[in-house]
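Below, chain A partners chain B and then partners chain C, in two separate complexes.
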Partner chain A sequence: MTKKNGFKDTISHLFIGNAVPIMFIILIAIAIPLSGFSTRYLIEEMVTRLGRDSFLVLSLLIPIMAGMGLNFGIVLGAMAGQIGIILVTNWGVSGVGGLFLAMAVATPLAILLGWIAGIVLNHAKGREMVTSMILGFFINGVYQLVVLYFMGKIIPISNSALVLSRGYGIRNAIDLKGMRQSLDRLIPLKIGGIAVPVATFIFIALLCVFIWWFAKTKLGHDMRAVGQDMSVSENAGIKVERTRIIAIILSTVLACYGQIIFLQNIGTLNTYNSHDQTATFAIAALLIGGATVAKASIPNVFVGVILFHLMFVVAPKAGKQLMGSAMIGEYFRVFVSYGIIAVSIVLYAWKRSNEKERSRRSLRGEQEIPKTD
Partner chain B sequence: MTEQQPVLQMQDITKEYFGNRVLTNVCLDVNRGEILGLVGENGAGKSTLMNILFGMSIIAETGGYTGKVCIDGKEVVFQNPFDALRAGIGMVHQEFSLIPGFTATENILLNGEVLHDNIVAKLFGPRLKTLDLPEMRSIAEKSIELLGVEINPDTLVAEMPVGHKQFTELAREIHRPEMKLLVLDEPTAVLTESEAQVLLTSLRRLAATGISIIFITHRLQEIFDVCDRIVILRDGQVVKEAATRDTDIVQVAELMVGRSMSAKSVATRAYDEKTETVISIDHLWVDMPGETVRDVTLEVHKGEIFGIGGLAGQGKLGIPNGVMGLYPAGGSVTVHGKPIPLNDPAAALAAGMAFVSEDRRGVGLLLEEALDLNIASTAMQSQNKFIRPLLGGLLKWRDDKAIQDVAREYIEALDIKCTGTSQRVEELSGGNQQKICLAKAFALQPDVLFVSEPTRGIDVGAKARVLEALRTYNRKNGTTIIMISSELEELRSICDRIAIVDEGRIAGILPPSATAKEFGLLMIGKLKGEGSEVNSYA
Partner chain C sequence: MRSIRRFIDTAGWPRIIIGLLLLSLFIAAPSVGVRVDQSITDTIVRFGMNGILVLGMIPMVQTGCGLNFGLPLGIIAGLLGATISIEIGLTGIAGFLGAIALAIPFAVLLGWGYGKLLNRVKGDEMMIATYVGFSSVSFMCMMWMLLPYHSPKMIWGYGGSGLRTTISLDGFWPHILDNFWAIRIGRNFMIPTGMILFFALMALIMWAFFHTKTGTAMTAVGSNPDYARAAGINVDKMRTISVIMSTVYGAIGILVYQQSFGFIQLYNGPFYMALPAVAAILIGGASVNKANITNAVIGTFLFQGILTMTPSVINNAIQSDLSEVVRIIVSDGMIVYALTRATRKSR
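This part shows the complex of A and B:
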């Protein structure tokens, strides 16, 4: 192989390896001038959204490490977090204290749900993604039963602002007055007029440190082993099923905290809808950051959150400029996130077959030398 | 040997599987620092014996065993392989059990990592201790050094050559200080000749440090190169136990098969190389895992039985699998001058080629179907045989009567032992399953028949009958047969020409009358670069 060929090969390999982020950078580069947003506005938006979403996206990393793919089951954690928030709002605890109390209340619930999810996923090895997605729909049904019927009937809810006029069931939208941005504004800081949610960022940084440290623990190491080859790990004496369950529990609990952080930033809880898109958007963000079903890192999370949300902010406006309709925007948001997940999974498969082809090339003999017999 | 306590004693081990006795009063001693060679044909009871030693669950599930296993003089009953590991007994398997994305170090210390304690671990349990990578690396380094090989402990297993994987696995077993007995099951099967030599040297070094080794291999020469003592199993009994210096290969081989090796029966047909070329393969490469073909060029003539031999993993199996379209391949293949599209099994079949796969139970047979359907299936699919057209060809109906007739014909011709044409194939023995595979290929009436490892895993009697069936079919129908086999003797007894594959290329083509030495040299690649003389026969 000539040197030029090798160089070309390396470049194309590099491009294929990062096809998704590159595609998005190109799209965004086209959309930003079309939208007409100012740089300042975009930076402000990105700072807010990084604080809002990063924690949720980070909660996806551990199951990927354990070879369980993209955990669509983080909606389970989100629901647990919302129940915590409803209860704490009912008790009238506000501020950061309320926020942490909500986390504390929701943790056992998230552990329970994660444990259930872990057991179910152990029965569906190799089909974890679709199973966790369907499990999310199922637990959503249970959540609605609890929130719509049990709350006010079995679970006492005293705050009338929360309960539907019929006497039981939680209202569709809850104003989180006491908690709104309590974490974001805990340590006030403005840089060039842009509010920076310092405490939230500290929280996220702590989680990053935790994940980095966790990968070096015996448990994290075992998860990597299990993620690559379950039977070899089993034969080496690693408790495979238990390890997988722990991975899902961790992910669910982190998602629960992530959802609480997300909601304190938004300031309102849509009781029946807030968790609907949690998994989809988080997964879309992670994939756009260059992660795959089998490999994801902390940088993927932040690159992904920034690119995904830039797209989110810019696309509707750009769509409106082009098509002249605001409705296009809303449509475009959902279209983009589902589209990305589909495209990423297809690209992942394409990339893998490409890599196989690449490694196969070395098998061919010296075909260019003509035989002289 | 002196009067020291043996590390391992197995006394009067008897084991039955559902009334079928597979081990009878087997006694086995291994002394400290000794290398014991354990040989026996397939099914002689080697694996069962090792399963008993390691407390594999299959033994308890099938009714346990009688007899005693003693380690250092104390009787033990292991419940699972981890018990055995704790007692200092380790095993290196034929298949690699390594994590591809981990480094050599991480694999050597898999689930035996050196850990640092920390506060979190004290609160939440020992699995939150952190890994001490530098310490792990130095242990791995020591372990690799003990083997006398050079492997960078930071290399990912996925990027290692096969030989290094084998050494990594070995290093994993010996890094434990308590290790005293190591069982190696065919460790050289996947290695090249030179890698195997390095491995044997490593084994001697290990034995010198006091570790005992049970070495299971089919390659008798290796036993004689490295073992102190040899135990020969046949039909579940120890037929001979002797110091290697008191015996020789021929005697061991005889005892293994239980009959004296027949004077080398060599195919003696006058072979006419003037006949037309039926199939020509040009610069073929095949991406078959573990059997990569790199650049193979061959021509096979009409009516010929062409043998392809070579060591395991060199690519001989990849050739038929590539030509028949089962694995991704490139290059060109022409049959009767017409090019055959690769990567398309249907096209390969349509061109008049048939394939008896080495993967009998996976590719070769529909295990849960009746044997008559198995015989007819490929012919039905690719040639519309055994099909009755209804409504002027609008519907195609299976012709059960014709299927049964052809099945009966082959049951008789190949002497297949079964209860009838409707017996399910999975109930047949390995030898009879192989005959079904042959019948299935014969039913296609192919021009070119590829037969891959036709006698693997079947008993000696069935082997002879399978080979005879191939010879008869060739003589009667003039079918060109390309036979791939690991057993050179088998190739020499039936083939007109024999090609030896080495590292994915044809090392040379020899007549069956060539000496074992000539074949041996080709197999280990000794003639590379000066192969013109040998190739002249092609």
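This part shows the complex of A and C:
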């Protein structure tokens, strides 16, 4: 299908694909001098944030490959990861061991949630994005029910530092003392005084290799085919629904690990808020990196994380210099996150409906279209 | 037996469960020491507060634009109307009507642009609507700080610029509809007649509109766009009209909400306001492509009933505040259910 679109579409695709990063580079180039941050500080921030966020953003790639759009359901994985962290903190396991134990504990939960999400999205073909988003809100309700009411009552929590004073429910903020930056500092390395989280980067690199390899496997090819055209794939003998469920499960599990890596870097778990913006920020970062709803690559992830977080760091200070209020900058960066997602999905939908219209017209010229309804 | 089965089929399990839940909450209320009359009053008041926002879902669903997750756009128009009305110092009934009159042009303008946008992205309306809502709310967060408002009732005391996050309506038009012809029986029972009448008026206007030629054409566009086009109806125009209507209802709806609430909530206030309205109409029996006024009335009543009853009854029964969790699970669960049930239409 993509090959048929020809030269003109390729050019426009290229332009749309790169217009966003270019726009952001210009924006940031104006904002950095205004903010007055030193280059050293910015580099340090970017190194930290690359380690913190890349894994989460990478978890978005597989569903895009399978044509399911931006998976707002990665919050499901994030919540699974948080439950893993809560349990491990309760058991008092700290350090990198605790981190990996949290991942191990959270994996079955993430698989379960991903499986549920996959089934739900199979019932909502053509509106996966909005469904995955609302599903995220819904599971957030269930998460709150479990963490706020069941933990300490039905699920035994022995560590009293975790439990609210009323005797059940987990506290708002959990200090991850034992785990804080345990992965980041596993292999200590300083370049020019800037701490580099080597182990985290190795992890991210492994994931990149995995995704690159996965795209070349039979399953990866199946996913691409499903992403292109579900009915053709079905006729070709691919189990479409199963493939889609696997894509979502993989994404959810990866997001779960991503959230655990994110939290070990931050060092505190805001039990009820840490996952709120996970999907929005990860998706905004990916889109700023030049990805679209239908196409995203590994370079998009890293370009996106850097540009998005540069803006994130710089905007409040620049806003203060420019408008005399840091709040303006804060609101601006939130606006940009939402705005960029809005613009990207509008462009994508616009292009798709134009294509549909065009193909419909060409069909009409030749023959009567068979009624599908 | 068969009629029971048919009833279950048409009503759908989630609605029956929610209906039974509400019923059991009302039955359980006296035994845990919750006053039923107070609860009914609260339910009616909240019904009146939210009813028009829910009505605003109908036009867009009817023309096939899907659920209006972009309701915050209408709410922003309403907020602009309210703040400008206060800025120019209108009080009492003039203030409320003035706010509506000022909000409508904004709503029409925003709705027009929003409608044009949605016409270009047929099939993806709901996702885009959501993000149009989110981004316009966050854009307005900046605007509330920058727009040249001067009324000392609204701007921050220190610094002297930028609107406050919540603005009290005291001295302007608090409870102006609630108290209009309000019927009070005893200390705990009150019917906000004015607000209910206003809701009825808005519902009547909607009903009448859908019986005009344009209204019928809009329904035709929703049920079969190809047929509608063949019949010579301008599909895009009808869709735009429906979006404008939804947005105007959103604007008026939030003003009714505010007068009863007593405060104007700016900044992040409107962020998630679309979800309860969407959930309400779905609970009332609407689907992604079919909704009517009965759905809105029943749905708002059921949903707001649950929201009113769960905190009071459950809190008294098990001494913990589950209301927020119940709200999230009921409303978002209902929306997910509706999204998965919807049959995909060929466009």
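As a convention for this text, the second predicted complex is superposed on the first by the 328 of 373 C-alpha atoms of A that agree within 3 Å, B and C clash if a C-alpha of one lies under 4 Å from a C-alpha of the other, contacts with A are read in each partner's own complex, and residues count from 1 in each chain.
Going forward, a residue touches a chain if its C-beta (ideal position, glycine included) is under 8 Å from a C-beta of that chain, and two chains touch if they have at least 3 such contacts.
Not measured: the values here are computed from a predicted model.
Chemist: Let me test your reading of the model: by the given contact rule, A:C208 touches which partner, first (chain B), second (chain C), both or neither?
Modeler: Neither partner.
Chemist: Between chain B (first) and chain C (second), which does A:V47 come into contact with in this model arrangement: first, second, both, or neither?
Modeler: Touch status of A:V47: no partner.
Chemist: So, A:T217: does it touch chain B (first), chain C (second), both, or neither?
Modeler: After superposition on chain A, A:T217 lies in contact with chain B alone.
Chemist: Check whether A:Y331 is in contact with chain B, with chain C, with both or with neither, and answer first, second, both or neither.
Modeler: second
Chemist: One more residue to check, A:I134. First (chain B), second (chain C), both or neither?
Modeler: It touches chain C, and chain B stays clear.
Chemist: See if chain A has more residues touched by chain B or by chain C, and give me that chain.
Modeler: The partner making contact with more of chain A's residues is C.
Chemist: Looking at A:A225 after the superposition, I want to know if it touches chain B, chain C, both of them or none. Which is it: first, second, both, neither?
Modeler: A:A225 sits against chain B, while chain C stays out of touch.
Chemist: If you stack the two complexes on chain A, which partner ends up touching A:W350: first (chain B), second (chain C), both, or neither?
Modeler: second
Chemist: After overlaying the two complexes on chain A, where does the chain B footprint on chain A coincide with the chain C footprint?
Modeler: Touching chain B in the first complex and chain C in the second, residues 356 of chain A appear in both lists.
Chemist: Which of the residues in chain A come into contact with chain B in the complex?
Modeler: Per the touch definition, chain A meets chain B at residues 213, 216-219, 221-222, 224-225, 228-229, 231-233, 235-238, 356, 360, 363-367, 371.
Chemist: Looking at the complex, which residues from chain C come into contact with chain A?
Modeler: Interface residues on the chain C side: 69, 117, 120-124, 126-128, 130-132, 134-135, 138-139, 141-142, 145-146, 162, 275, 320, 322, 324-325, 327-329, 332-333, 335-336, 339-342, 344-347.
Chemist: Can you name the residues of chain B that touch chain A in the complex?
Modeler: Going by the criterion above, the answer is residues 81-82, 85, 97-102, 106, 110-111, 113, 115, 121, 126-131, 283, 285-287, 292-295, 297, 328, 330-331, 504-505.
Chemist: Mind listing the chain A positions that touch chain C in their complex?
Modeler: 120, 123-127, 129-131, 133-135, 137-138, 140-142, 144-145, 148-149, 166, 323, 325, 327-328, 331-332, 334-335, 337-339, 341-342, 345-346, 348-350, 352-353, 356, 372-373
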